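The next block holds one structure in the form of structure tokens; read it before the comments.
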Amino acid sequence: MNNLVSIKQLQPEQMIALVKRAAEMKKDGIPRLDEQYYISNLFFEPSTRTKTSFEMAERRLGLEVVPFDAGFSSALKGETLYDTVKTLEAIGLDALVIRHEEDGYYEKIIGKTNVTIINGGDGSGQHPSQSLLDLFTIYEQFGSFEGLNVLIAGDVSHSRVARSNADALTRLGANVHFLCPPEWKGEFEAIHDWDEMIETCDVVMLLRVQHERHDEEMAYTKEEYHERFGLTVERERQLKEDAIIMHPAPVNRGVEIASELIESPKSRIFTQVENGVYVRAAIIEMLLHGRNGR
Amino acid sequence: MNNLVSIKQLQPEQMIALVKRAAEMKKDGIPRLDEQYYISNLFFEPSTRTKTSFEMAERRLGLEVVPFDAGFSSALKGETLYDTVKTLEAIGLDALVIRHEEDGYYEKIIGKTNVTIINGGDGSGQHPSQSLLDLFTIYEQFGSFEGLNVLIAGDVSHSRVARSNADALTRLGANVHFLCPPEWKGEFEAIHDWDEMIETCDVVMLLRVQHERHDEEMAYTKEEYHERFGLTVERERQLKEDAIIMHPAPVNRGVEIASELIESPKSRIFTQVENGVYVRAAIIEMLLHGRNGR
Amino acid sequence: MNNLVSIKQLQPEQMIALVKRAAEMKKDGIPRLDEQYYISNLFFEPSTRTKTSFEMAERRLGLEVVPFDAGFSSALKGETLYDTVKTLEAIGLDALVIRHEEDGYYEKIIGKTNVTIINGGDGSGQHPSQSLLDLFTIYEQFGSFEGLNVLIAGDVSHSRVARSNADALTRLGANVHFLCPPEWKGEFEAIHDWDEMIETCDVVMLLRVQHERHDEEMAYTKEEYHERFGLTVERERQLKEDAIIMHPAPVNRGVEIASELIESPKSRIFTQVENGVYVRAAIIEMLLHGRNGR
């Protein structure tokens, strides 16, 4: 495998293998790669955790990270992403992590370049390293996915996470359900009332209300949203004892989740961030080892 | 000590120890730390010299510097600084240098994270590494602080430097005086006429006129300000023979200081910049050694 | 030699020596320098390929690259470039690569600082590393410059490349001609019709139409420009068998060159990018070796 652009590329056993490799790295440390590789992170949308997480994974693996400032690049002069990628290939980059607002931007690139492409998120599409860190975090808690009840709650139709995770979890044997305001369900079937699932779900996966993507007026105030569709302190008390709470962050405190729950015992929100570094190291290791063997 | 957020944390003997360690590093070079640490510089306000100075000190110490672009981070999505810091902790950062426009931003963080925090300047508050490099520069010239007459001149009420330095120098035994336009003195007692001090002061510490912080029309043209409150060529001639001129920079040439004085024999303006790298290396070494012993 | 600000500094034998050194590096790899040097890239204008190319060359040479964000620096507070450079010298930088919109910005710096300055492009002036990578690319094809017919086509009057390359190529024995719309020729003599040269030129060097520098309405639509002054598929067929096509990029596809020609057999557009890394490594090696011997 030379690229990872979508979780759909991975068979269940490949997902499990990556999760197990990440778990090994978390236990024993991230080993440096044998050869010197050059990587660059092309983030055309703002990001703290995904970008910094990749930067950390890359450094621990011993890669040289060549900076790329999307906000100050030739993209401003109208250069296409394809031409930017071909340019970076000519400069000698081995791999690129790309986040771009266009759905499926990678379709124009894959197969036309020898640079390894890792999708760091495209539009409302795929975000495979986020999916894998979520899988890792669930696996750490339950040791398997078979029969788990996962409730994905929030801005379902705009979320990269909902799409990627629902697909992966279903293929791994989990039962995935959605909860959202009726007008946000998009292509998904969804429930609109926490009471239907709160006592039976094993994983509550909250999504960010993406204010920046809602052009229209939001139909709810923050307080109304929290009351009807957020994880309130009251709802959290109804969860099963070993249930866990996840969120891809950044969190809108007091909107999709009560502020005091973020660092509560059931929350895995900062564990997800921690796990992200190991999952990304495992992904890069797998892809660049593959590169060696070409 | 795990954090350095204010010069007020440091006893006089601790300030002197850091100054002496910086002097050693200036003489013998900056040694690499024994372990691999990861640091990030979070600058939410523009900076050249403080940020680059930290970057240089960190690299000479052998740290891995993980880039953080505040202008393109999740802060844009409304993430709180606390959540950003907890995220970077989860990602594995050992230390963060933070510059932020909010006075005392660090109060919300210290004690709630294991990451070492170094304050790179907060609002109109503290800027301890700047204070220490100023102390180092004075110590290099005079070998002690006892009884020195220090005149801090300029935009006193808006200046981080005035506040931090006045406190530290006074505790070290120096006599600190302020000179500024009457309307800019803030909480300080100040003189408004150079003639009162020009022949007796040992250190003239000029402050930048912070045009970007003066929302109101400035009451003086640049020429008027220079004539009344700036260090002119004429005034410089009245200084004692071993007096020195300091400025935290960037300088408004011809406003707070005559352009031709910037690289004149009494000026320590670029020496301060040079000394900043050593002082920051000494601070980081001290804090991360402390971290080792935890 | 301590600085490289213009191709005019270099005698023909010095240009050839740098080209040959770059060719060696392309064949055998870029060796690390013996000492640890610190460099920073100051790009006050957007750039992908020049900046990333320098970043890659610097890393392969083993330099420490200290980041500098021109869009978030003290330049925003009105600091002069001279003061920024003197500050970075005091911080301990050995070398600076600078791109700046002001013609001849380096005149104010050279001779007043010990930092090695490499001009990464100034206004409509010089861009010596681009000229040298173009020379390298031509040399790779033809093995010499004597008597080659080079046609530089496009936005001649606004182009750094036209100016630098015309000078260098002429001194190396090539015959340089210009082709452009009549109103864009600036100080140059130019032809306005491809038919005059298409069958006899050895090198077609296309320039970017710099939309961002044309304040006035452009007199041509993109299609009209392409038809009259661009390299169309039809014109490409008239070229000599061993003729090559060059472009400094980023390319406006379908304007100065037909999109399908960019990766065609005669095109050296991505070869130029690749060669840029080796030329820049050769330049830095030469200048910092010189620094050693000071």
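Going in written order, the chains are labelled A, B and C, and every chain counts its residues from 1.
Please note the rule applied: contacts are C-beta pairs under 8 Å (C-beta built on N, C-alpha and C of every residue); 3 or more make two chains touch, one makes a residue touch a chain.
These numbers were taken from a predicted model, which means no experiment stands behind them.
K.L.:
What kind of graph do the touching chains make: line, ring, star, complete, other?
P.N.:
complete
K.L.:
Same residues or different residues where chain B meets chain C? The copies count as same if more than half of the interface numbers are shared.
P.N.:
Comparing the two copies, chain B and chain C contact each other through largely different residue numbers, since under half are shared.
K.L.:
Averaged over CA atoms, how far is the centre of chain B from the centre of chain C? Could you give it in whole Å?
P.N.:
Once rounded, the distance between the two centres reads 40 Å.
K.L.:
Return the residues of chain C touching two or more other chains; collapse runs of consecutive numbers into ranges.
P.N.:
67, 69, 71
K.L.:
Enumerate the contact residues on chain C facing chain B in the complex.
P.N.:
Answer in residue numbers: 38, 40, 64, 66-69, 71-80, 83-84, 86-93.
K.L.:
Inside the complex, what are the residues of chain A that reach chain B?
P.N.:
Contact set of chain A toward chain B: 43, 46-49, 52-53, 55-56, 59-60, 67, 69-71, 208, 211-212, 249-253, 262-263, 270-271, 273-274, 276-277.
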